[in-house]
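A short worksheet on the structure shown next.
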Amino acid sequence: MSILFDHSRPERIGLPETVFCQGKTVDAVAGLMREHVGPLASPLLFTRLSKDMFEAIPEDVRKQVDYHELSRTAWTGVLPEVKHGRAALVSAGTSDGPVLWEAARTLEYLGFCRTVFEDSGVAGLWRLAGRLDEINSFDAIILVAGMDAALASVLGGLTPKPVIAVPTSVGYGVAEGGKTALHSMLASCAPGVTVMNIDNGYGAACAAARILRLFNG
Amino acid sequence: MSILFDHSRPERIGLPETVFCQGKTVDAVAGLMREHVGPLASPLLFTRLSKDMFEAIPEDVRKQVDYHELSRTAWTGVLPEVKHGRAALVSAGTSDGPVLWEAARTLEYLGFCRTVFEDSGVAGLWRLAGRLDEINSFDAIILVAGMDAALASVLGGLTPKPVIAVPTSVGYGVAEGGKTALHSMLASCAPGVTVMNIDNGYGAACAAARILRLFNG
Amino acid sequence: MSILFDHSRPERIGLPETVFCQGKTVDAVAGLMREHVGPLASPLLFTRLSKDMFEAIPEDVRKQVDYHELSRTAWTGVLPEVKHGRAALVSAGTSDGPVLWEAARTLEYLGFCRTVFEDSGVAGLWRLAGRLDEINSFDAIILVAGMDAALASVLGGLTPKPVIAVPTSVGYGVAEGGKTALHSMLASCAPGVTVMNIDNGYGAACAAARILRLFNG
Amino acid sequence: MSILFDHSRPERIGLPETVFCQGKTVDAVAGLMREHVGPLASPLLFTRLSKDMFEAIPEDVRKQVDYHELSRTAWTGVLPEVKHGRAALVSAGTSDGPVLWEAARTLEYLGFCRTVFEDSGVAGLWRLAGRLDEINSFDAIILVAGMDAALASVLGGLTPKPVIAVPTSVGYGVAEGGKTALHSMLASCAPGVTVMNIDNGYGAACAAARILRLFNG
Amino acid sequence: MSILFDHSRPERIGLPETVFCQGKTVDAVAGLMREHVGPLASPLLFTRLSKDMFEAIPEDVRKQVDYHELSRTAWTGVLPEVKHGRAALVSAGTSDGPVLWEAARTLEYLGFCRTVFEDSGVAGLWRLAGRLDEINSFDAIILVAGMDAALASVLGGLTPKPVIAVPTSVGYGVAEGGKTALHSMLASCAPGVTVMNIDNGYGAACAAARILRLFNG
Amino acid sequence: MSILFDHSRPERIGLPETVFCQGKTVDAVAGLMREHVGPLASPLLFTRLSKDMFEAIPEDVRKQVDYHELSRTAWTGVLPEVKHGRAALVSAGTSDGPVLWEAARTLEYLGFCRTVFEDSGVAGLWRLAGRLDEINSFDAIILVAGMDAALASVLGGLTPKPVIAVPTSVGYGVAEGGKTALHSMLASCAPGVTVMNIDNGYGAACAAARILRLFNG
Amino acid sequence: MSILFDHSRPERIGLPETVFCQGKTVDAVAGLMREHVGPLASPLLFTRLSKDMFEAIPEDVRKQVDYHELSRTAWTGVLPEVKHGRAALVSAGTSDGPVLWEAARTLEYLGFCRTVFEDSGVAGLWRLAGRLDEINSFDAIILVAGMDAALASVLGGLTPKPVIAVPTSVGYGVAEGGKTALHSMLASCAPGVTVMNIDNGYGAACAAARILRLFNG
Amino acid sequence: MSILFDHSRPERIGLPETVFCQGKTVDAVAGLMREHVGPLASPLLFTRLSKDMFEAIPEDVRKQVDYHELSRTAWTGVLPEVKHGRAALVSAGTSDGPVLWEAARTLEYLGFCRTVFEDSGVAGLWRLAGRLDEINSFDAIILVAGMDAALASVLGGLTPKPVIAVPTSVGYGVAEGGKTALHSMLASCAPGVTVMNIDNGYGAACAAARILRLFNG
């Protein structure tokens, strides 16, 4: 069977290895990080890397790493050249920031241009309306929202571009944990809105990258 | 205790008795109907009265009844004089019709003016936008939507009037049965949107009537 | 981003902007608070502001703020003149206090008279009975209950006034998290009881304000 | 192990064998029925025996059976002498009838006196109040309710007697299937209310019989 | 209504007031406790009173209170004379102890004899078998089990006495939180087993007391 | 499509191809059946083949097929020689028959000896006790139960042999659909009980066959 | 607000109007169909149009319509010219056919080339492996699977192309209704797999069209 | 209570007594441990024994115990002679380690050979492919996976050996808590895959031991 499947994920699916840090020990994360710093090391992306965990990593390693607190992401090494294709990242509220920026940072790491449009929820429709033409000039849209995620239907009905919707676990009561936002996005009345797992900003960026890579042969 | 509580619901809570027909036998419904037809009988409202059940009721009774197929409602007797206060009833799509019209017919039976704005879902925001000023001229708004019920957040964010949102069981997959619409409405980012049980158009009309009665001393 | 802040919301839907503090950083909350204190600043309401978070805010800001511990609310600025319309706030038990008082404080901030009737649950029906005539003299009723929320059906069946029911997350076992109270209220056999998300005292006050504003042209 | 456990359920737990007909074939039910009719046969109780199924049973067997349509129960043989102990059966609404009467008929079959108090839901508190003293004169209370089952907390708080609450699957939307009534009863704020599975009138009668048998040595 | 309902719960439903401490502040609990200590004070039961909370109560109050750590219960005052009627309390495993002992302590407080049979789960059927005759000599049985709660069906099928089953939140995976034990008990194939909310040992004792009071006129 | 048919599955995992008929059209099932009858055809197993569907298959095909109504299974061709290894199939009640016999028939088709022990539920522990030594003489045990599935813990605690538990969808209320039986089996306090999907008698037979094949080299 | 939003969905989001027939009356569907047949009518797509409903439509209308039974789709009018961009549609099993073909037919209607690869589930990995290079030559992949939907992780890990996964409601027990397939796809360990609502083949085609339109300026 | 301790379990079901430490006090665990150390004591297995709890046990006891941190297991006494039969333990990812190693350690304690194949998830199919022949040489396979658990269908379709699948609670969003992995495994399209409760590595080892004991007469 080994004949059938090639061995290298970056070449196979165009997406490099990533370390999901949540639930791992500081030692395990620090060890992987140390292996990927230095002039000869291949770059590596770390997600769900909390500020506490990052600060527990030895300073000599840490200072060779590009860390971004809000998104809880870090990478080692040098970013690739910028590729063709641009993504718009739109969020409903400021509390969706960690997920939005996880997607934004991942796209940056993968070499794609992205622009962020925060605080565009339907509670302030005129904000979204004022940005709509600009948003529609991008090749793909990542949409991040919690609570009832009404933004998915509204924006999905106003753009012809691919839409990747990410529900967030922001909310309380029936919205707690993100299930309501997830179900809302899946049941969206705007046709062709695709959906990711709750809080999966990284996956949304990968989905966008699969689309944008079409422009890069 | 009989001293403390009067025996007639209309006087106590301003809402007359109603017969929920679903799950009852034709004989039971026909019997109640026969007791409330004729010049001296007090009026009575019947809800969830399917066309099949209505047609199985003896013709002499049936022809004294005001039946409305889409809403599955019927009433006997003479409607009260029209009271002060007007309600707007807004639905997302045509498949929300049975619930919307159950609310509309109940309001009519209770003596309140109501106007229906169907097919105003967020998939066609311009339709809602074109009707917004008129909708905002009413004293209370009943909003009916299934699927992801994004209309609750959109309209709730554009009107200062009391909003009573009714989720419908329209939909499939995660939307099947109306739970997604219900949770979406409860988690709405528009403040002060109130919510009813799934498909409860009758209850929404009663809730609107509780508000409109404030104008009638 | 301050450009985007929704300063026209008060005019549009009659409800001023509010800051939901839970999940925000102390710095973010303190920053917003500092912008809204002082003689020229517009008032601002803060909800879900825990005592710990409030005490972490710099003292010079904090002492210009009206904070209420049980309700976890605070506001800056001067309250508006009292408007027409009065709301009764009824709770089942003392553990429903935080939600009840979030609603009470929000109504006060919005300029409406409100009176609180705590500990009126059905386990002590005589307490509710003794207060019923007074409760019915108000224009709208906010009802707060956890566990099985039987108060919704009992009080809903004894009052003709608009009822806004708020389930609380008080309880254990099947009642944990408030879903049982929520479902009980939605399935209430008293017609026309409207329901809010679990623990959403703020939203209930906004819903009451939408009704009471009808008296204020 | 056979030494440890005796072989005859009636003697062991005081409750005779019963046939749950739903899901069985007409042939299987008819066969069991035929074995238990006639002067020498031991009596047997059949539950969930629909009218359609009963009418499909051969007439010679059927006419030796005591069938009750609303409760969907039947028995063969002669009832035992009436034992000591009396149970009150209280239901919220007429649609709870099938479950209430399944309990009533089972108690009758087991040889206990029972009295039925239908339509005593909290939507009409005065009806319950008027019957309260009589209900409290019984040794055990079976309480049957669907929707939000508020009756459990109300009656449970007004009686010192053992209360066995049975949720029914009556309802729609969030009440569909009886889960809301079940959870409401389990979370009841009245202490010491016990609960059965949804629609399990037969089990409630057995639970009451376990209590009433205490009076019969 | 005050004419119809007396003000004292002990006389009305035979169960005295109880303070559920979880979620309350130490000050609130200590205040209530202080009011009920001393030679003239009426006794009061406290449940869900953790060791940490108890130790935070001022020592002068604390030393007048009968506290039991495992059950997290305390009472003030003098216990009533022992009444007629005896209850057996049977648990599946040692981790069900807190719930079992909450029931045991509540029965003691209410004045009833009770005997505890711990660690009688079906994983060791011979232990249960060896105790069966003794258990069956009691007037009522409280059964406490977590995980799959198979004990409900096994013991329910071996005893003619009233059985009050309490699911516990002990377990992990699908058993986490007690829902599996609850549903198992409700679906028990032994007829007439009644069920309480998860972890509700207090309620089970009240349910048993409602039965045992039948022996006390 | 016949090119893609998995004819090498028997060699790869030791389990031949099977047709799950539910949801397929009569034509599709009849077509597959026709391809596998006749002296030269390879045998094929059909599961979930209702009596109605079987009787709609052309008679010339049907009479070459071994059909078993209760289990809703059929096979074409000649059974293999009997292999080493024997399985005991134990069910709680007669309504578990369709699932039990689906497992029994599948084992027969796969060439293994199996013996059926029906109606061995814990409501009649003495029946199970009387058969225990014989059951323990088999190499693997398939256990089929619905409702609360207490049999899993009881039998699992009394046998050293591999136990494959199959929950059935038999039941009503909280047991409806088999989730309670499934969770009960997964949370069983008897160590090492393995579990299949609800109603999956076929899968249980395959799991037993994987074990019994160990005796056949 | 009408200034902000343009009025024509085809131009705005590149997706024409569609009629979801399930839940509509035959008359409503026939009426819409009649309006869109004839040389001058604009084309219209109908989904969830069962064979029974289609055959109830008047023949003169029906014969002007392109109907496809398995996919339950129909369209009126003339298809647009074929656009750039090609999609592969891959399904796990034959029972996923209705959803797969709904997607295939919708893509055809929208003017895009598509190729179908049925019966490629992981139970027969060699089938998928043999088609992998061809599948990877397409610009977007729609993946349709029920049960545990393991295909999403397997194929998602073997292709660099955009993947739109559609769970189907095929299955029984825990898989019934498609929730397990949905959750499996959302939790897929292959990065960047996007997901649609259960059975939403139409939406998947729209999502693919949003991507393929990027090649068409 | 030590009289009741199940010392005959090893003989009855071939599996020795085990202490599940989670939720127990350090004192309780230390006490049991002390009873089972020393030259004459019978061995005892401890599971879910966290590093923190282990380090809180008195050193004189602790140093006589074989503790393994990742698996959170410990045992006292001397291991039995190695028995016939070998198990392969395969996990999807490194975060499944604690469950995998709980199973591995338990098998070791029970006297069976086992080999661990970590990090064999379907995201890297070639790793699994490269190990397949070796894995298939074992007598039973324990498979541990979280998230969407696609490994169950993939490996289940490639091996003829008994497969015991253990879902892990690893994951976030819809995968949080392990329900998605559990349902995926139960709905696996590979026939005859058996499933354990979430995170139940100990149970999986016991299930494997029930199979392997067949080789030991």
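Observations, loosely collected:
Should a chain be cited, it is by its letter among A, B, C, D, E, F, G and H, assigned in written order, with residues numbered from 1 in that chain.
Heads up, the rule we're going with is that a contact is a pair of C-beta atoms (placed from the backbone, for glycine too) under 8 Å apart; a residue touches a chain by one contact, two chains touch by 3 or more.
What you see is a predicted model, and the numbers here were worked out from it, not measured in a lab.
Each step here moves to a touching chain, and the least such steps from chain E to chain G number 2.
A comparison of the F-G and E-F interfaces places the larger number of contacting C-beta pairs at E-F. The interface at D-F recurs elsewhere; of C-D, C-E or B-C, the pair that shares more than half of its residue-numbered contact pairs is C-E. Rounded to whole angstrom, the centroid-to-centroid distance between chain A and chain G, based on C-alpha atoms, equals 26 Å. If you average the CA atoms of chain C and of chain F, the two centres end up 57 Å from each other. One inter-chain figure worth recording: chain A and chain B are separated by 43 Å, centre to centre, where each centre is the mean of the chain's CA atoms. Between the Cα centres of chain D and chain G there is a gap of 51 Å.
Counting partner chains per residue, chain A has residues 1, 4-5, 9, 123-125, 157-158, 173-175, 179, 182, 186-187, 190, 197-198 touching two or more of them. Residues 95, 125-126, 129-130, 170, 172-176 of chain C are the ones touching chain E in the complex.
Those residues of chain E that touch chain F in the shared complex are 92-93, 121-125, 147-150, 152-154, 157-158, 171, 173-175, 179-190. Partner chain D is touched in their complex by these residues of chain E: 4-5, 12-15, 18, 125, 129, 132, 139, 156-164, 182, 186-187, 190-198, 202-211, 213-215. Residue ranges on chain H touching chain E, taken from their complex, read 1, 4, 6, 22-24, 167, 169, 177-179, 182, 197-200.
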